[in-house]
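Data block below; observations after.
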Amino acid sequence: MLIGLYNYWVVVALMMTGFYIVIAQGNLIKKIAGLIIFQTSVFIFYISVGKVDGATAPIVGDGFSQYSNPLPHVLILTAIVVGIATTALGLALIVRIREAYGSIEEDEIQKKDDQAC
Amino acid sequence: MLLGVYGLLSASFFVAMDAVDVAFTEASVGAGISTILMLTTIAITGRSELASHYRPTLALILVLIIGGLLIYGTMDMPYFGFAEAPANLHVSPRYIHDSMQEIGVPNLVTAVLASYRGFDTFGEVVVIFTAGVGVVVLLGLPGRRDENDAEIELINTSMHEQHLVVRIVSKVLIPFILLFAFYVQFHGDFGPGGGFQAGVIFASAIILYALLFGLSTARRIINQPLVQLLSGVGVLVYGSVGLVSMLNGGNFLDYSVLSSDPIAGQHLGILLIELGVGCTVASVMVIIFFKFADRKEALHYKPRETK
Amino acid sequence: MLAHLPILQVVLPLLAAPSCLIMRRPKLVWLFTLIVSSIAFLISVALLQQVMESGPISYELGGWEQPWGIEYRIDELSAFLLLIVSAVSTVVLLAAHTSIQAEIAEDSQMMFYVLYLLSLTGMLGIISTGDVFNVFVFLEISSLSAYALIAMGDGRRALWASYQYLIMGTIGATFILIAIGLMYQMTGTLNMEDLSRRLPDVAHTRTMYAAYVFFVVGVCLKMALFPLHLWLPNAYSYAPSIVTAFFAATSTKVALYLLIRFTFSVFDFSFSFSTLPLQPVFLVLGFLGIFVASTAAIYQKNLKHLFAYSSVAQIGYMIVGYSIATSAGLMATLLHLFNHSLMKSALFLALAAVMYRLSSVQLSCLQGMGRQMPLTMAAIVVGGASLIGVPLTIGFVSKWFLVMAAIENGLWPVAVLVLLGSLLAIVYVWRVVEVAYFMEPMPGKDPVKEAPWSILVPVWLLVAANVYFGVDTRLSVQIAQAAADSLFGVSP
Amino acid sequence: MLIIATIAILVVMFMAILRGNIGPTFYDRILAVNMFGTKTVLLICLLGFVMGRPEFLDIAMVYALISFISVIAVLHYVDSFNAKHDAHDVQHGEEDR
Amino acid sequence: MDTFISLVSGLCLLSGCVLAISSGIGLLRFPDFYTRMHAVGVSDTLVTALILIGLMLQLPDGIVVTKLVIILLMTLFINPTASHALAKAAIQSGLVPILNKEDEGKGEDTPSKT
């Protein structure tokens, strides 16, 4: 029972690492990095779902009868694109924030905002 | 940096999991594009980190709760790699068994991606397009060129003279990369690959060029407004394939009606939409890179704004 | 062509967005966007009519039948939501040109409309799709464009707000993605209808509980339900006024739609409410949201902030109605959803007018405006009355139904608390009225003119709708009733 | 044989990660990552053979290209970063993200 | 003949592995950046070549071998180039190699460009 699920547990651990970085980090870029890790581990989770023991990659070829499930792959392809889109936008925002605030630390930005109030 | 490793690592994991196409994409995205973007951002914002301040306890508790919930959720999951799991029994068998007759594309992922779930892919193209527009909005519009182009170039050449060997090697490599991109684009039906991957590879060739020969040189070759237009054209191509199939009496994105023979129609449709995808992705990636790089270059001249 | 309406609804604005890039002049693009949006509105009217007459419409994309391909499925609920979103978008767009001219630099205006269309597409796509993964994709389209739109707002705070929204929104979306993955793993399908057929078999596995919780948390992040609302006030306040008016009326509503859709059509209704302790949790959160956010609203100095907090409070009302978990309660929620988008878009659009003349929405700037901008201020007053729930406005109607639904179920405290919440609304709305009408204009300040017609007309259109649907409730109640009934499986 | 090779490559990859982690200078890290990249290419080739699907070679090719581009990009930015920082007289970032 | 080929291929793979591991050890154990660079840069290319050739011999099938050759060529181009660029960048940034314990400090202490 433990062996059968270990893969998922590793994924969960990775996911939580990423998630932890997102919420605990004060540095904006690191937050985005955490977000990427978080998302990528979700992708790994999906792909694990589609894996079938003894099967091969879902490209029809001679001499193979069992293929892994192609659907999760498709979903993850889309999700990867979404991920990179989010990353690009987030980083662009960081560049602007840096220009406007002169800092990329969450606390400092908050402080500057409070002062302005 | 380490993130790039993570990208590579997860990609090799995907290979082990039979997800060739995903590995392909993750390789080019995780290790390539997002690393480059990260680096550019770091270069712009500066790497000097202040003493990092964590707020660990609360975050840790939250993470533990959520992680615990997930572990709890895994308890009833079918085992990893279990062929009889519901996920592998319900919808996907049709993709595996019938798609050769229905679509005739050996790469099942391409078949599902482009035809069965073509609309998702359309959405994906639009997401990328949105990101491109968003980055353009955030980081300035094309045409706003710095006056001191010549000066920038001076710096650039001085910077790149050092890497003479790299430049020559890359010069040889770039045409091959472009060729390879086309191979990936059109070979996607048979092997791993497809529009998205091809687009990314194509864009990375251009990025390589820009890195080594300076932005202004690259800018001379690549007309930014045109590239921007191209990103829209890709979406339009995809959409109009859908509309044409609608006019031909099918449903939106039903490629079977594009030609008298359904299989040929499917092939045509997949080819066209992959082209659209490739077009949009390549141009958006190039745009995004240029926007970031422009910002960075501008930073070299203006003293840092202190507010 | 009539059969293709469900997809045209989404694809039209989608294809219009890149086409905008070809047109270079902002005015032209604006006109084009307006036309596209109004066509979308007309289509949604036609769809609603069709659905009310002949039941749900299903449209198979790519010609693949449903668990294999992606299906578009329009039922009463989604048709209702489509109508709201496209209507608000069209009316808001009417005012967009003037307001945007004042708030956004000339050369980004074109991009503004592109993003606006994309965001509209995303919302319409979420509402009409019948495929859970497609929901995720369109959710991301709408959120990505939302981040960019918000960042276009004034000053650096907009950037920061947008960044916070991006982080929160992405976490939310990823949670939803995890939930979808778990559901797929247990059932092997992504189609909503198919899911609802296959879920009962596995409903009592721990995986399903986890999936449901992840989904709810993810959606609540997007919806800005009380403890997760932190991104909303800033995002609304610093975005361009037009964007605020559009989002306040639509984006949280779309998230609420997702919650309703998943609780009632995808998961079994009894699963959501009897197996998991969702009802008390939502009731408590809803009321906490109402009271905390309303109290916060009272102390705000910035009008946009004030109304943004009030939005959080209003979401609390909707959640309360939702968690009553009867057809009547749900109907009240839907009605409030409709009404709230009308009043919030009216209010924020009126603020756009204020912004246009005063280039500030600080409460103190409003002194004496009751005389200088009578029409705008009157609109704000009517909208505020609606928020409170004064009779003859739509706010009254939905609160009435909410209270009735609560009493019907013997939940007296709920009814009382709803009324108490309205008292708080009186306080914050009164502050605005007081400043605008009973304070002398600041000395030494030039008097300003009334807002231009191009903004006033849409504002008053919305205000008129506010009053009209407050008096003549037949139409909205009928549709909301039909939608709620169909979700509960009662044949109308 | 193939399996042994795969395991050996994995071990080397692990070593590269270690070096990347302790690394003392920035360049050590790049070096480690570069090595990691080339090893991944090999790993994918080997995996393709182990699984009997030589189609995987396409991915290996992409990998080789991408890791090259990454290293170039890193160097490029490190260059410019150093140039900028020397001007501002800020310490060399010994630490890396 | 077949056994011979497989023997050769096995030999290639095995020596590739040994080299790879030794380069890994070098990467970990050598004292400074340049020596590490040496360990990796030199052996890496050879390792790749050996393993790829070993693989080519395993499955003498037209397209596969072509692809492997392409990969091989690419690594042959790319690896030394990357190492070169890396070393050059390191020198330029003012990282001093430990040439000799006594020599230290006197080395190419190039002040980085300003």
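As written, the chain order gives the labels A, B, C, D and E, with residue 1 at the start of each chain.
The rule is simple: a contact is a pair of C-beta atoms (placed from the backbone, for glycine too) under 8 Å apart; a residue touches a chain by one contact, two chains touch by 3 or more.
Since this is a predicted model, take the numbers as computed values, not measurements.
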Fill in: Smallest number of contact steps required from chain A to reach chain C
1
Discussion item. I need the common contact partners of chain B and chain C, sorted by label.
Written reply: A
Fill in: Other chains in touch with both chain C and chain E
B
Worksheet, complete the sentence: Busiest interface, counting C-beta pairs, is A-B
Item to complete: Take the average of all CA coordinates in chain A, do the same for chain D, and state the distance between these two points in whole angstrom.
Response: 20
Worksheet item: Which whole number of Å gives the spacing of the CA centres of chain A and chain E?
Response: 32
Practice prompt. Round to the nearest whole Å and give the separation of the Cα centres of chain A and chain B.
Written response: 15
Worksheet item: Per the centroid of Cα atoms for each chain, what is the distance between chain C and chain D, given in Å?
Response: 46
Worksheet entry | Multi-chain contact sites of chain D, meaning residues that touch two or more partners | 30, 51, 53, 55-56, 58, 61, 65, 68, 72, 75, 79, 83, 97
Response to the item:
Multi-chain contacts in chain B, i.e. residues touching at least two other chains, fall at 3, 18, 20, 40, 42, 46, 49, 70, 74-75, 77, 85, 87-88, 91-92, 95, 117, 120, 123-124, 127, 130-131, 134, 138, 163, 166, 170, 173, 191-192, 304
Practice prompt. Note the residues in chain E that touch 2 or more other chains, in rising order.
Written response: 74, 78, 81, 85, 89, 92
Worksheet entry | Chain pairs that touch, as defined at the top of this document | A-B, A-C, A-D, B-C, B-D, B-E, D-E
Worksheet item: If you look only at chain B, which of its residues touch chain A in the complex?
Response: 3, 6-7, 10, 13-14, 17-22, 25-26, 29-30, 33-34, 37-38, 40-42, 44-46, 49-50, 52-56, 59-60, 62-64, 66-67, 70-71, 74-75, 77, 79-83, 85, 87-88, 91-92, 95-96, 100, 106-109, 111-113, 117, 120-121, 123-124, 127-128, 130-131, 134-135, 138-139, 190-192, 196, 281, 288, 291-292, 295, 304-307
Worksheet item: Along chain C, where are the residues that touch chain A in the complex?
Response: 133, 136-137, 140, 144, 147-148, 151, 155-157, 159-160, 162-163, 166-167, 170-171, 173-174, 177-178, 181, 184-185, 190
Discussion item. Per the contact definition, I'd like the list of chain D residues that touch chain A in the complex.
Written reply: 51-53, 55-56, 97
Discussion item. Looking at the complex, which residues from chain E come into contact with chain B?
Written reply: 74, 77-78, 81, 84-85, 88-89, 92
Worksheet, complete the sentence: The residues of chain B that touch chain D in their complex are 1-5, 8-9, 11-12, 15-16, 18, 20, 23-24, 27-28, 31-32, 35-36, 39-40, 42-43, 46-49, 159, 163, 166, 170, 173, 177, 180, 184, 187, 191-193, 197, 201, 204, 207-208, 211-212, 296, 299-300, 304
